[in-house]
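Both complexes shown next keep subunit A, but they swap its partner, so subunit B is in the first and subunit C is in the second.
Presenting the complex of A and B:
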């Protein structure tokens, strides 16, 4: 049993080692377009996030993925509509105002208007809305997950403090793969 | 070893040893086999549990890496297997067949995945150096790919072998102890029996029924056997004494009786001898005056006598001759009895002899109207060697007797050398002849016939 515990520890260590980031390789997989890859990442973020029960009216209430702005990634996200995550169907909708954003479960900021981002983030910061964007320094202005290219490979960083504040839960698996995690200030 | 004696006829000691060796050996062998097999099961089970838990951890840790297609992270997850010596290689395959991550980093996945080794489960019959574990990677009901591991089983087998060797060693030691113990304990059973067997042999060889086998504390059956044996010996000895005693008495009695009989026999023989002697003497003594009487009567008959005188003298002569004849026969009888009868050896003219005898009896036969005839078979020699006087005497007596007892009919005398002409009970050899007297009378009574033999 001792060896098993040792193994567990080393696997955990391996998980954190993944944070260092290594050259991206797709293996023999058919290359995805950059937009498709971003969409796949978004879907994975949704997969590895837990919403509080009150966020959904019923167990089969669809999961609302909202797209703010209108850019190629937003178009690619439309492909996620109809996919199922934890028994919920994903619906994709385009939003423009903070009021609209309140009813979303996940919100992708597709444009690059940082000021608008800040105001909307503030509007939803206490709500269980997973905020994602590929704009620069997204997590520094109060976003939860930011996509970025590092070492010519798509990676992501997480502001865990914001995630926890909004009563969402990010899976440790996800956090392990993140390039960078901003921990809660309280800790 | 082909002339090996039957197990059942081997010495008791060896049989007991063999029985203990066989039963103990068999039991130990089964026990050892059981432990060896359970060691295999245990080691395999432990191996499978470890592999399962490792696979579980790898699977749960690699799902996210697959989702994000993060092969670096997946490689790091697999690299954790580095401290498990028995895992030679591991790789994660995606649903489309592509390989996301390998361990070690330079593993030749193609040849590893082609190698034919037992998969996923170990059974007691799986004897292989390595196995492959294949675990699907499922996340939220979606199969993302699979984890493959090539596991080196040599360490496991070494452990099993070590266990088995230890078991064998233990078994061998226990077996040796059991044999030594059995060897010591079997004496308690076999020694009294050996003693008994020795005593039996000694008694059989020397006939010493005074020997006794000492009864020591031992198994009830053995005590019974030894006591029974001793009792039997005592009984045999007692019988022997009795037998000896009665034999002595009997011998004494026989001696006494034999003595008495011998004396009686000697007395009887002496008496007989005396009687024969007396008869011989008497007949000799009587013959002398008889010769005088006959001689004088002959002389008297030659003198002139009147008819009456001559008749008297003739009667005297006849009676004297008869008496002399009787006396001669008595003399012969006593000679036979005294063993002094000597047969002369002179030529016998058998034809004239027979004629003479028949003519001697012819008068009397004719008077009784009995026919009398003699016959000598063809091929008989004319002259034989023997005692003509005795032959004449014998044949004369027989014919005399035959004529006397035959009321009517005939008396036939014949001489033959052929078996087919002789009576059925006679078989004639070469130079053997039969003189047969037949008559038509009543024959010899059966009781009298017995005496003739």
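Presenting the complex of A and C:
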């Protein structure tokens, strides 16, 4: 009886130590957050995409990354401002309309409004704008790169038909690492 | 007792406030990692979940694939038990009772349950035979649980809640998977799945699962007879013929056998209870297809059809054969100003043949052809962009048993800032009587002889009132909810509700049959619509991701109910039971789930990436 009570007491002590201790340990080690990783993926998507010459006015024209919507991933993309890719500095800007989206090099959809996504994707489909989102089934509706969360990891899939239609080029390494590559006749 | 629980809640809240500063959010630096490194990093993701839940004017909870994998759950009821406000009770080792906001029981009948848009509740008792719904849990993408009525959107039976089980797209389950599980209860459970590409734009998976479960233990520690075994074989295929167009086809065949002892009331046996050991076999198959097309102007068409066939054979009790065909069409109009309008139509035909196999349970009609058709409209109105949204919806339904019913709802969603959401809803929903309620007879209990002047036992039999037909139960609900998200890792969700049921099903004293004398008296009780039930409740849930491997999800539900009676002794007793079913004592359950990846289970998995 006594030993059982002692066991209970030590279990409780261990439990409360864990409850208080773990969050502190979390603060110290600061592992990468979900959003930091999503932003790092976006940086790589830009790195592995080739834009046609005409997409930039000059060799040192900044690369415009636009964010539509303001979910946490969209907020985290602010951390990409100032990074350089192939000699170009990344600028991050918030956009709200299809017209604003036409001037972007990369466009991230940071909300889950699929119907609005469709109309904006349609507006930029022939332009060299790399479209990315982590919203559900993004490549099904004509988006280029969809970020997925599957089996405790972030992964991505590419709708290559849409990429090719826009005169962008995805590197073979990007396609090799994608979970799925859709090559249908889809626009 | 109550104060003690409040203290515990306070203690947990205090413990959490200590860790709050660590959870505050600002723009973090983006790590410079290669794609290979990123793909190799394990991450705990909660954002998608809270994101979507934040913008719904209803009490919703989402269970993700990750939650399921971490829980060690073995079957759907195990998984559903994770959701706050959902009551899951295990009756035997192979049978469950699942409900929301009260009225729980083996034949809980006020929930709509959908698997990929296919309704799985049995019209026999308007509930789900959970034992016949064995599922490859690894293939579930998420389960959306909506507490409260939303018949306008989900149809009849969505009175106390809707459970929406959504499986992963075939392209997300490519390659092979074998999962083997064994334990003290599950003798063995084996799942195998293989996913492959179908041409350029399609994917498919084939899956099978077999489970053999031992019986539980009785009060004396002996192995009970409630063992079960089940097997299923199915496929899912998805195509993407062009951007925005999706085609989905799914089919499955299954069989479940479970064994148990049913105690039937019998005035002719000693002790008045005749225990019958019966094996119930549920088997069936379904084929389902869906076509979705999202057009460039933002309009969307969805057409879905399915056919299911089911056979229930309970030895010595009854045999039911059922075929159901369902067609559903939805059209979402391109936004018109601030209106987003969704319209739809549904037709369902469910035919059954029931043969009686015992003197304890019988049905007064052998065949029934149940037809249900409905149309609905739902208008989401943005009153003030990003601040106030109002939804008006209604479903007009007609069925050949109880006629027509209009089920409207009005909701608002107010988001003063991205962290806070306040929502409210007024809804009216109906529940169609089940096949059993409108045509079954069943021996319920035997009352022993009560006095020397009346030396006969009385058999109480649930039966049908000749000349009257049961009507639909009606429910009106008012709900008010508040959600607050503190950064990415902590959120609070509170809902208060008042539910008012009218014409609720109750039993009253019927005729007395003296023809069995001198053996026993048979007293009938019959269904009567007319009970009024009122339930008040408060649901609170918290989600705290304290660290990638440490999550706390306490929830607390309080409910109080009152029910009217007719002044008849049987209806008094039944009213008391219905009001007590959602009593505070039953729901003052404070569940703090300390979930770590330490759930003892053995899961061997061989996964080969495509």
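Here is the rule we use: the second predicted complex is superposed on the first by the 154 of 187 C-alpha atoms of A that agree within 3 Å, B and C clash if a C-alpha of one lies under 4 Å from a C-alpha of the other, contacts with A are read in each partner's own complex, and residues count from 1 in each chain.
FYI, a contact is a pair of C-beta atoms (placed from the backbone, for glycine too) under 8 Å apart; a residue touches a chain by one contact, two chains touch by 3 or more.
As the structure is a prediction and not an experimental result, all values here were calculated from the model.
Using the contact criterion defined above for the overlaid structures, shared-chain residue A:152 touches subunit C, although it does not reach subunit B.
In the overlay built on the shared chain, the residue A:114 is in contact with subunit C alone; subunit B does not reach it.
Within the superposed three-chain model, A:122 lies in touch with subunit C and out of touch with subunit B [touch as defined at top]. Contacts of A:171 after superposition: subunit B is touched, whereas subunit C is not reached.
When the shared chain is aligned, subunit C comes close enough to touch A:71, but subunit B does not. Put subunit B and subunit C next to each other and count what each touches on subunit A; the higher total goes to C. In the overlay built on the shared chain, the residue A:48 is in contact with subunit B and with subunit C.
Of the two partner chains placed around the shared chain by superposition, subunit C is the only one that A:134 touches, whereas subunit B remains out of contact. Within the superposed three-chain model, A:34 lies in touch with subunit C and out of touch with subunit B [touch as defined at top]. In the superposition on chain A, A:85 makes contact with subunit B only, not with subunit C. Residues 15, 18, 22-23, 25-27, 40-41, 44, 48, 173-174, 177 of subunit A lie in contact with subunit B in one complex and with subunit C in the other. Contact residues on subunit A toward subunit B in their complex (touch as defined above): 3-4, 6-8, 10-11, 13-15, 17-18, 21-23, 25-30, 40-41, 44, 47-48, 85-86, 171, 173-174, 176-177. For subunit A in complex with subunit C, the residues that touch the partner chain are 15-16, 18-20, 22-27, 31-37, 39-41, 43-44, 48, 70-73, 75-76, 78-80, 83, 112, 114-116, 118-119, 122, 134, 137, 140-142, 148-155, 157, 159, 162, 173-174, 177, 179-180, 182-187.
Residue ranges on subunit C touching subunit A, taken from their complex, read 15, 18-19, 22, 25, 27-36, 38-48, 51-52, 65-66, 69, 169, 171-172, 174, 200-201, 203, 240-244, 246, 294-298, 300, 332, 335, 340, 418, 488, 546-550, 594. Note for the complex: subunit B touches subunit A at residues 50, 53-54, 57-58, 60-61, 63-65, 67-73, 75-84, 94, 96-100, 139-140.
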